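There are two complexes below, and they share chain A, which is joined by chain B in the first and by chain C in the second.
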Partner chain A sequence: MPDLEIRPILGTMRRNPVGAILIALQVAFTLGVVANSLFIINDRIGLINRPTGFDIDNIVTVQSTLLDDPADKLQQVRTDIEALEAIPGVIAATSVTQLPLSNSGSGTELFASADPNAPEVNGARFTMTETGLDAMGLTLAEGRWFREDEIKLPSTYGDPINVVIVTRVMADALFPDGNALGATVYDHLRRPVTLIGIVEHMQGSWISWQHLDNNIFTPQVPMQRFARYVIRTEPGSLDQVMSQVEPTLAATEPRRIVQRLRPYSEIRDRTYTEHRAMAIMLGVVSVLLIIVTAVGIVGLVSFVVRQRTRQIGTRRAIGAQRLHIVRYFLVENWLMTTGGAIVGMALAFGVNYWLANLFSLPRLDPWYLPAGLVILWLVGLLSVFAPARRAARISPAIATRGAAL
Partner chain B sequence: MFSYYARLALISLRNSPALTVLTVGAIALGIGVSLTVLSVYNLMSADPIPQKSDVLYAVTLDSWDPERPYRERDATIPPYEMTFRDAVAVRDSDIPTHAAAMFKAGFSVQPGNPDIRPFRVISRMTDRGLFAMFNLDFIYGDAWGARADEGGEYVVVLNQTTNEKLFGGEDSVGERVRMGDNDFTVVGVVEDWNPTPKYYDVNNGAFDEGEEVFMPFALTEALELYSAGNTNCWKPEDIESYQNFIDSECVWIQYWAQLDDPAQRQNYQQFLDDYARNQQSVGRFQRPLNNRLFPVMEWLEVRQVVESDALIMLAISFMFLAVCVFNTVGLLLARFISRAPHIGIRRALGASRQAIFSQQMVEAALVGTAAGALGIGLAWLGLQGVRVLYREVDRLTYLTPSMIVAGFAIALVAALAAGLYPAWRVCRTSPSFYLRLQ
Partner chain C sequence: MLEMKNIAKIYRTEAIATHALRDFDLSVADGEFVTVTGPSGSGKTTFLNIAGLLEDPTDGTYKLDGEEVGQLNDRAKSRIRNEKIGFIFQSFNLIPDLDVTDNIDVPLRYRGLPGAERSKRIRDALEIVGLASRQHHLPSQLSGGQQQRVAIARALAGRPRFLLADEPTGNLDSEMASQVIALLDDINAQGTTIIMVTHDMSLAGHGGREVRLLDGRLASPDDAETLAATGTGV
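Presenting the complex of A and B:
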């Protein structure tokens, strides 16, 4: 093993500690920020990329408000859906009372038994028509979807229903022992309802809710004059279908206001705006910070090289090879970086501990600390390389001259 | 003397352009990032109505579930909104200087002019007290009269944008507009009202758009309106008619009152508590008595308007600034020490330590000023970026004059702090040491 000259390097640092301390401090703070940022970025990307359970990339949604009360709301919705499904490129369309991932909507609860002490299981509630399964592109795990004759008009508010479909997670929460399909469950007023189907997975309305995957489907059309439609298109036909939606709805009933015609992915993007912004900002800040630290190291090492020109020349004159000079600076910097990084790891942990306590954020995964350390080692070594090479080019003859400092 | 030092500093800065760029760039980046984050944070936590935020109160009543508090984590906080029946009862009090019940509801507007297509607006259903309480500015007309707050008067106040859309910005007082299934008479036009944060109703986000029109709260029952904002219910109730809904324990009405002095506030608190006790006798309000009046800034805190993300970014941006300051100390140190021989000569020629020190600090100040200017430029760029990232909240992303001043101040202080140690080191050097080397 080659002699890394650690002892003389430490001696030099002790005699002139300010530069080393400055670099170590920068490294410490940078590591604290970078480790926490990477952790938060990864956490947010994980949130955004959770599987939605529906065909989000091929769906268009739109809102319609009639200007007059429809003579027959159920028929009005059916006419709209048929007209929308007739647009070339459309696979299926349904009305829906609220949109998954929109961060708005309403929830309800179901009970596994009529026993007043039965625990309630909460979920967001999506009312759809018999075309809902295809229009959302959901996967049915067990049982069946709604039949046409089961679709009802909602009574003003508490709409009694006979059949219900839930997501797999919700079914498991209601019946931990299985056998949910076909079971009788009870609504918020403890009225019995039959569970006729289980959907493999669908994300619900509020992205930060702990029960995001608990969802309930009921067979109805929306209230009063309002309707929201979900239209699933064949891959590649989204834009062309979108241009047809407004004229199609206007043709079936002109006295209405059509708004918020947009691809579904836009709704998801809007809902996750803050998470995405946070991830991007932290990424930018981390990269800038690494650049600043690298610049700092380059600057200080260049200065040290200039200051020690004569010393380096002397070493070269008494036989040190270029490699030795480069190695000297690399090792010196590695020691500073490592010292700073050890402080930085403690700092990173402290910052996370403080943030976690304050905002009930998840605890920092310890693997981010060595990851941060490796990043800073690389940054340190890369930044020191150019000035160290310059040092290695110092001519041995310089030792014999007097003027240089 | 200062200008002489400044000239010397400029010469020295020009002599090592790479180091100068690095030094100025390092601080400027730190300022740019901190200022960007600070601006967003500041606007998030700004007082939306500084003239009277300490006399405006969010009125809350704890009519919630006897079994559990409204907020699981903090039982001292009553529901954010009120039931319809409680709001109607509280409206009877004449203790507050101004008061208003309110919620938002959607309407379809059918303009008389057939060239304008029907469109949707969000209306704030409220009492006339809102206009004076929140200092809305009327362009035409005025608030509706007290009788409209009793019900039966189909009147509307438009905001400027809607008045522009419907009447080309003309004085439209007395004109009629069809909204929903009724004709409303315009009684006033106000300037667009978008307080940031939207303190009076943060239920759909603190940076939600303000409403486009205002109508009497007293029309709620006649029009059978539901909230376009938030409705929260705790009690299993069979709600089959609109009457069931407005009699229910669901909370969906915001309530605000202006209470100018402590006595008035105390009276009002007494009134609310008496009302709640009275309701206990009919089986409601089964939780411990907890009716609270929150002044604006306290309310924003309760509603957690400044998001944890903003605080995290704030903490991180200050660590960033710290790194930039350490960096600058290093770079200034390198600069000053490499000039030590030159300083040795000046000392030998009679310059005092103090003079050398001042000269170094002037140089640091120059670096700080340049970095401040560059940093403000970077912050402006940063805010453009934030605007793109956050699409909707572009109202949050401008640099206020106080932020610009703060940017310069931070840059100067950072540079002077960073210059202190190197300047001290340099002026300590003994002239003879360097003279020997010449």
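Presenting the complex of A and C:
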């Protein structure tokens, strides 16, 4: 075990505390901010990368508004879907009333029994056609999807329905003991509905909602002149299909406005804009702080090397190898960094407490503190290495020249 | 045994080449006390730097205990400086932020000695220089003479075969200088070879042998007039 000279270095720092304290404070502040930033960045990236449950990268969405009331809206939707599915590269298309991850839409509640005191289970409500499963790329876990004859044009979305499909999380919330498939559930007006299928997973509309994964599928098409379509394409066909959507819809019914033709990933990106911006901003701030800390360490060590030139020469004269000199500065900096980091860990908890209250964030995972410490150790060691090597190149002959240490 | 043959040292800049030492021969036997004198610029410090492996000669051979040391790599020279050579500097060169004990400990740590052995050597060295009661003092809390005795203790703790002293009394008043010289005499009497570079002619030949330098080479009897004129007479 090499002699790291820890005790004499600590003694030297105690007698000349200003530089060490400044670096330690800078490290403490940087650790406090970086640990929290990493935590928040990771939290946001985790949010963005949650599995959606549908084939988000191969889906196109489009919105259509007819200029005239259609004679048969259900038939118009079917005609549109058939035309869209005829575009080369399209796997399936469906109409929907709202889009997952769009941060807008409506929800409803289901009950496991008609008992007025039965707890309600809330979920976002998605109306789809018999092609919805394939058009979204969902995975059916149990039961079946809607049949063509079950699809209705409602007069209001509160119209009674006979069958319903829910996500697995929603099914488990309704029936914690299992056996949800085939069960009778009750809608918001306590009317019975048969639960015919369970979808493995799909994220709903509002990304910050605690019941994001609670989703209800009903066999309906959009009312009146408005319709929104989801079109799932073969991998790699997205751009080509997008170019065909508008002329295809125009061919089936020219008197309509086609809007918001976009890849689904764009909707997700727009929804998560703030989260992404926050992650980028915190990343930039962290990198800047780390650079400032590194520059501070380089500056202090360079100053100390100049100040101690003759002392270093004397150490070399009385037997220090270059390695000893480099190691001295590395250990000295490591002690400063570690001292600052210990303060920084307390600061990190404080900053997290403040941020958690201000932005309703979860409490800091303690693993981010050692992660921040390791980052700052590495920054410290890399920063000190160049000036320490310069110090090690000081000639021992300096020791016999004039002037005090 | 220290042996230099045809040692030359040339400092080169873009404009000029300065011959600090030329055709310099010197043999110092074990246990000798040699004083090296000469006027300013005569090459005394260059000689000491080469003898102490602080600088490389430009030419010539230098053997220490029979081993050619002039062209060793930096690590090997550091080890020899640490194990065989003790240095005493005119300005003491103590580390101001370390107390007496830690100052003496510096070269011992580089040698990798265990803590107990280092402590014993530090105690012994402080006993020899008469500063056992000052072991926790900082250099700034000691007089010049005391500081130089600490520097001697630092050199002695390594139990060197050669002690190189560069104007060890240059920054001391006469009383303190006498104490330091008496201490060096005692150390030499214990068998340590001492080479002392000095400007002070009252110390010339103190240990029994004097080497005079002039213009980077050994002075000859023909140089008596020049040496007399510079106050470092024959």
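In the analysis below, the second predicted complex is superposed on the first by the 401 of 405 C-alpha atoms of A that agree within 3 Å, B and C clash if a C-alpha of one lies under 4 Å from a C-alpha of the other, contacts with A are read in each partner's own complex, and residues count from 1 in each chain.
The definition used in the following text is that a residue touches a chain if its C-beta (ideal position, glycine included) is under 8 Å from a C-beta of that chain, and two chains touch if they have at least 3 such contacts.
Fair warning: this is a prediction, and the values are worked out from it, not measured in the lab.
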TODO: Using the overlay on chain A, decide if chain B and chain C clash or can fit next to each other.
DONE: fit
- [ ] Answer with first, second, both or neither: which of chain B and chain C does A:153 touch in the superposed model?
- [x] neither
TODO: May I ask you to decide whether A:282 touches chain B, chain C, both, or neither, giving the answer as first, second, both or neither?
DONE: first
Open item on the list: Given the overlay on chain A, how many degrees, to the nearest 10, lie between chain B and chain C at the CA centre of chain A?
Closed with: 100
- [ ] Check the residue A:29 against both partner chains and state whether it touches chain B (first), chain C (second), both, or neither.
- [x] first
TODO: Determine, under the contact definition given at the top, whether A:19 touches first (chain B), second (chain C), both, or neither.
DONE: first
TODO: Would you sort A:320 into first (chain B), second (chain C), both or neither based on which partner it touches?
DONE: second
Open item on the list: Quick check on the superposed pair: does A:356 touch chain B, chain C, both, or neither? Answer first, second, both or neither.
Closed with: neither
Open item on the list: Please give the nearest C-alpha separation between chain B and chain C in the three-chain superposition, to the whole Å.
Closed with: 13
Task: Intersection of chain A interface sets (partners chain B, chain C) - done: 402-403, 405
Task: chain B to chain A touching residues, read off their complex - done: 19, 22-23, 25-26, 29-30, 33, 106, 108, 110, 117-120, 204, 231, 236-242, 244-245, 307-309, 311-313, 315-317, 319-320, 322-324, 326-327, 329-331, 333-334, 337-338, 340-341, 385-386, 389-392, 421, 437-438
Task: chain A-facing residues of chain C, complex - done: 45, 48-49, 52-55, 74-75, 78-79, 81-83, 87, 89-91, 93-99, 102, 105-107, 109-112, 138, 154-155, 158, 166
Open item on the list: Could you list, by residue number, the parts of chain A that touch chain C in their complex?
Closed with: 2-3, 5, 7-8, 11-12, 15-16, 310-311, 314-324, 395-397, 399-400, 402-405
Task: Contact set on chain A toward chain B in their complex - done: 18-19, 22-23, 25-26, 29-30, 32-33, 36-37, 40, 65, 67, 104, 106, 155-158, 188-190, 257, 259, 270, 273-274, 276-278, 280-282, 284-285, 288-289, 291-293, 295-296, 298-300, 302-303, 306-307, 351, 355, 358-359, 361, 402-403, 405
